[in-house]
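Next up: the structures, one after another.
The following pair of complexes shares a single chain, subunit A, combined with subunit B in the former and subunit C in the latter.
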Partner chain A sequence: MSHLSSRISRTDHASASTQIYDAVIVGSGVAGSILANELGRQGFSVLVLEAGPGNDLSIAEYEASVERFYLSASKDNNSPYAVNRNAPMPRGQETVKLQPGRPNADGYIVQNGPLELDSTYTRVVGGTTRHWEGKALRLIPEDFEMRTRHGQGLDWPLKYETLKSYYAKAEAEIGVSADVEDQGYLGISFEPGYVYPMRKIPISYLDQVIGKNLDGAKVELDGETFSLVVRSTPQARNGVPHPGYDNGKGYVAPSAVSTHQDEMGQRCQGNNNCVPICPVQAKYDARRTLVKALETGRVHLLSQTVVSRVHIDSGNGRVTHIEYKAYKDLHGKEHSAGTVKARVFILAANAVENARLMLASGLPGSSGLVGRNLMDHAYLLTWALMPEIVGTMRGSQCTSGIEELRGGAFRRKQAAFRAGIHNDGWGWATGAPYTDLLALVDDQNKFGRALQRGLVDRISRQLLLDFMVEVLPDPANRITVDPDHRDQLGNMRPVLSYRLNDYTLDGVAFARQLSRRIYQRLGAEDHTTYSPQEPGWVDYQGGGFVIRGGNHWAGTHLMGSSPKNSVVDANQRSWDYPNLYLAGSGSMPSIGTANTTLTLAALCLISAGHIAKELRSAPTAAAAR
Partner chain B sequence: MSGDRAEFEKFLGLSEVLTGFTKFRLQGTGQGALYFSTLTDVVGQGTAGELLQAWSGVAAAAGQDEGKLERLMRSEILSHEKLGPIARNLIKLWFVGTWYQLPAAWREVFGTPERDRSFVPAASSYVEGLLWPTIGANPTGAKGPGYGTWADPPNIPKV
Partner chain C sequence: MGLSRITSVEELHRHLYAALQLEHATIPAYLTALYSIHPGTNTEAVHILRAVAVEEMLHLTLAANILNAVGGTPDLTRPDFVPVFPTFLPDGETDFEVGLQRFSKEALATFLKIERPGHAPEGAPRTVRRPKKPGKSVLHASHTGKDAEEHFYSIGEFYDEISRSLATLHEDLSHQGRTLFVGDPARQITPEFYYSGGGELIAVTDLASAQAAIRLISEQGEGKGKAIFDYEGELSHYYRFEQLLLGRYYQTGDKAGHPTGAPIAVDWKSVYPIKANARLSDYAEGSELREAAFEFNRSYRDLLEMLTRAFTGEPRLLTAAVGDMFRIKELFLRLMRNPMDGTGTLHAAPPFEIASVTEVRK
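Presenting the complex of A and B:
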């Protein structure tokens, strides 16, 4: 039970502009919230600027989002969040088939192509963790050494071993449910005696049926034999706390934000709606961490505040201040401009927005790499009907996956992938179950009980496998800005150029082939089809696939070993501007086959320790507080 | 029985046949009155009246003969150029709580009522959609079935 108002120290734009904070953080998503909480707890004064609306920290506001989802006819992954013309966000339906040479400027992100990308993010308090699904997989050790081990992509300036203890801290912060016994594959290791904060989320009946028929299936690839197994997926949603956690001290699952209702913030109830919103706050979102930060009394939050420019002192290369536009409401463009000052500035607005802001500030970096090497997972969706009713549309959206092909010697030649098993049917691929209803009523002329039987037959046997395929850093994949494309406040919108190379497409093709074998083994009817008319279509050896985005934007300010090969160092500190940090998945030099949130959370915990040390050692540290 | 009440009863009777659910079950969603007013608000009282009158005729002619009822439903309502798309919209409304904009072909011939766009009449309309219980599930994002329930085999009511 939280009593937000009593503990939080509030501010307004006028007073914030008179203060010199220890740190100003742009963005209240998972990266910004973790940094704010860590720094606030260590005694530093922090101001968080959030472009999105409202406080979004009350139960009433949360329920308004749930209701907005109920009332939305589209139910896309930003449907719970109010349309905001002053901090617009991309929506999947804005991604349309491009005509060669003609960018699509109709959505928030201007798409240059050649490939369309339907990924999104959310500009609200808590950021995209509001609509994320909550998969919390660690990268595998070889993901950090792609160049050395596989001759592809880039090495990180740090290794899995360095990140290991931070992964554990991140798993505590975001509350991950998993069993260590299931997760030690492909070199993933844990600190001695480690257990996850909460037991694994029970795997679905669908997973069990698949496992019964699939476990032990052999796959040959590049001279290696892989034995498939259906494995439970680590998830950032509340399960049963592990009594052995932290050497037997146990784990208290985080509650919902600002609530006194018992059914809120408790264990996952199987609402099958992690994306776009968990109605009971069983899923982690960054507001949980943000509230802890605010409750330190040293962290201020200003929402409806869009940062428009980062200013550099050309003499010493330090950031002097940040300029913002604070708007009055979501529709009109009435706003007031202002500036804030701090000793350290942290951009934590996500990989697209961080790059956009740097470029809009005229700061492409001495390496010229800001905005480049944009990555996202290439998702190949395949879908089938199981031979028996498996109870589709129950449980969290995914409870298991197939992980064996996340690593191996084959990565010299083609991309790795994992497969997620979907409990929510074909929705992602086809718009099920709505499209099933429409087809039965409009095309198959069913009504009454025949319609009911048709629905059971079409939906309750649905199985969708999402193949999350690795994408390597490619400097041509990038975010830029263009003065001709601005939002209502005059901020330049992100312009996206995106393509996929053969390394990824060979992995995609292998995944498609594997899906056929899996369906053959399960006796499932394969209903997968791809059309060249769809956005995301890629030609491949006379055929082709439709590739969907994963909302895992990364790489646009990647970390490396020198100012020549990267934008930030292993602490996410800008090589060019010593009091500037670019935090989040934009810092990742590879994304392997893990959703980015857990890894970026671990990176931000590393950065927090480093920034705290810097702030303490700088001469003005004590005086400024 | 007042005129409105009689029309509403006809609406429920038609809905029973379209959805395969009893009036009791339909009324249990709490959406009956809202859907009736949605129908009349979108297509107008005149057109709604035509649909319900056609239904009355079908019901009277079919009596207890289910085969005849189905044939007449198809010949008099579902294949009717004007009434068919509206009847199909009522099915969708009951099953997923969304009024879908009528097909372009319908709008070309019969006009473009101002309120005819795709919308969800009330948050509870989504939550009470009948598709979900039909497939042994709950609406995604509402009526959470409880921790771990998804590990058990599904139990879908036979139709």
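Presenting the complex of A and C:
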């Protein structure tokens, strides 16, 4: 049993402002926490500034979040976290249908359109991993060479081969459960003898039923034939440790976070609310890494501290200091301003907030690309009733997917996609099971046994397929700031402009057709409907779809081979300001069909090595230990 | 003579079976206290109770591994496996019995007695006698005479004797060109089936692994000597429980009885007022509560059957058994949420009368 409170070293704003840290990191999410841990472990002093609350890292704080989720009427992604007027976060219900030419400034993100985007992120200690689902897919090799291989999008300055060993390190850091024999498709390769830290999360009964009926189904696309397979999905959730991991050394599953006494991080028990919060901390969130960082004794954390401006020395182009506003509570505007100094500054506040902060600091970059090329996955949801009871809601939210159409020659014409098989019913699309309960009680006057029976009949056959469709970088999709739109502390809020092009919509349309064929093959009744009244509606060839966001914000400070075509280099270092790094999914030039966390974790491991080398090669008084 | 020395493999089997009984016997008591807490309240207490209960399950599994390793057969379905509560434990204290009661200071006082560190004073006998009580369940290690039972002075003494006998029996058999560890290694439950903040499953195949398993079982409970943290740096059960009474967490460097960590708030009122040591006969024939209580007994019996199969060659069943354990929790809460017929002030609770379930499994 560890005793974190006695091992970590705490600081306050007054003493932090007198120190010159080796690195100041803005954001305590997965990117910031990995960088803090790696640098702290190598002997560097680090200050992590987090805009949101959550300083105590205790089990009680975590469970208060679980209770807040249970009690919340709207079970949206951020429902476990209290409303915070000083570091607001986007919430799903803020996204409403836009009127042409009229931005929606009612939510935290000001939406300019033309398309509404209901994506969110979480501003608390641990960042958006506090609500993510935990899918931990690698990108496929061709995702890194979109321009060269498919004549679309952008190439990375890195190849899959370079990232391969960092993917493995990231999988250990966040604790991924998967079987390597299921994951070697479309060119994904592993280091010799590699096994994932933990065995795959057992696939749901629903997945097994679908696999039995679907495996081997053929799909023709652009002259290529694809044979579909229901395949288990890698998850950053605790499973059975693989005894063969690391050449037989085995793997110790990450434990839960508690500053008082180390409670076990339990295995996934199939509680079915992975998003937004796992009641038993089976799912990775960045506090696990942050706690390790704090335990080095060289990493400090200041929460409720919103960074408001990055200051540059116009002479040498280096960041001199950053300015913050530290607030007392989540409601009142009482706060104190201050500055912190470091040798290296790392913005790890996510793709939207990194861009927002740069632009609010008057730093659009010499390429003008800061905030542009914003990407997120376009999700098409389709839903159906299976012909038999399939145990929907038993087990975790998603345990398998269909991956074959993540890559192929067709990508020169249309977007790739993957399909996730949802074991949590129609919830994402219709609000099930809560809406089913209301319908049975309010509309059908059911109670007692009949209500119980009715719920089983309605819910246990539900199947939802989410099609995660690729979106290419488009400079017009962007985050900007506007002095007219500020939060309570006076910080400018992000302004979003977003549209989808035909490349993505052709992929969406193909996905919709495929879903019809899948449901036919399964003997399932398709209940999918889209309404032009819903946010996310797009017209397409006389019909239309409703597109949902994936919370996979990326691209706003993309990496590239030169200062002309990008904001950062392959180490996530700013081309313009040599002691500034912009870390996270904002650096990704493509997002393919994998959620961004695992890849950005791997990128941050690369950056950590580079930053450590830089800090060592330029010693100063602060580094002379 | 008597129980204080184990001199044969057969006696070792009997003692290891008693170890299974002993490790299991605390689980109903801890779970009853745990689930009597109103859901969503007393976070710290819930975690402490839960962690200890889970470690008792680890100990149960370790005892099964040792018994399997020396050629015995763990059988959790024997009619005497689950005691009738309240029950004495097979150590020597006569000042308390373990009962099934709500989370309370009194319950914690009992838990502290269960987990208290203790060895016989230097030179004193390692066993004690206590009078037989008619109708009381007798755990297997006890030597039954006409009027008295003989017991080890403490759980520590009990495991010390098992440890000693493992070494001597192993040596004796080795001299004869035989081995004590004749069990089928395929019956061992391996580390992948368990993890928590403290302790690992140890597959037992030889003397060293058997001793490591014994050490883990005994130190996780009572601690090592006067230290409040065990050799893995983990706070022993005794001191974990004590934190709830003292209202504060222990941290590194603390002396026993004087924790200096963060405060722990305990809300003694946010607890279902369940009837202590409830029995099936407390519920009216034909009532829903009776049906629920019976279903509890039956489900618990089924779980013990499943565990027995897992411990006798089908370890993979442990994963499936997790679902059954959730079912047990659900059945606990189903009873505890409801007032008992006619009383209004007392709530129902599971009876744990496993031996009374005689119907054949479907």
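Everything below uses one rule, namely that the second predicted complex is superposed on the first by the 604 of 625 C-alpha atoms of A that agree within 3 Å, B and C clash if a C-alpha of one lies under 4 Å from a C-alpha of the other, contacts with A are read in each partner's own complex, and residues count from 1 in each chain.
Definition applied: contacts are C-beta pairs under 8 Å (C-beta built on N, C-alpha and C of every residue); 3 or more make two chains touch, one makes a residue touch a chain.
Values in this document were obtained by computation on a predicted structure and should not be read as measured data.
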Partner chain(s) touched by A:I59 [first = subunit B, second = subunit C, both, neither]: second
Touched partner set for A:A337, first subunit B, second subunit C, both or neither: neither
Partner chain in contact with A:E67 - subunit B first, subunit C second, else both or neither: both
Touched partner set for A:A409, first subunit B, second subunit C, both or neither: neither
Partner chain in contact with A:Y434 - subunit B first, subunit C second, else both or neither: first
Comparing the two partners subunit B and subunit C, which touches a greater set of residues in subunit A: B
Touching partner for A:R449 - first (subunit B), second (subunit C), both, neither: first
First (subunit B), second (subunit C), both or neither touched by A:P243: second
Subunit B versus subunit C as contact partner of A:V252, first or second or both or neither: second
Which superposed partner A:A476 touches (first subunit B, second subunit C, both, neither): neither
Set of subunit A residues, in rising order, touched by both subunit B and subunit C: 67, 70, 202, 263, 267, 269
Sites on subunit A touched by subunit B in the complex: 66-67, 69-73, 202-205, 208, 239, 263, 267-273, 277, 279-280, 389-396, 399, 423-424, 433-434, 437-438, 441-442, 445, 447-453, 455-456, 459-460
Complex interface listing, subunit B residues touching subunit A: 17-20, 70, 73-74, 78, 87-88, 91-92, 95-96, 98, 100, 118-120, 122-124, 126-127, 131-132, 134-138, 140-154, 156, 159
Sites on subunit A touched by subunit C in the complex: 1-3, 5-6, 58-60, 63, 67, 70, 199, 202, 240-243, 250, 252-253, 255, 258-264, 266-267, 269
Touching residues (chain side subunit C, partner subunit A) in the complex: 40, 43-44, 47, 51, 54, 190-193, 195-198, 229, 233-235, 249-253, 261-262, 319, 322, 326
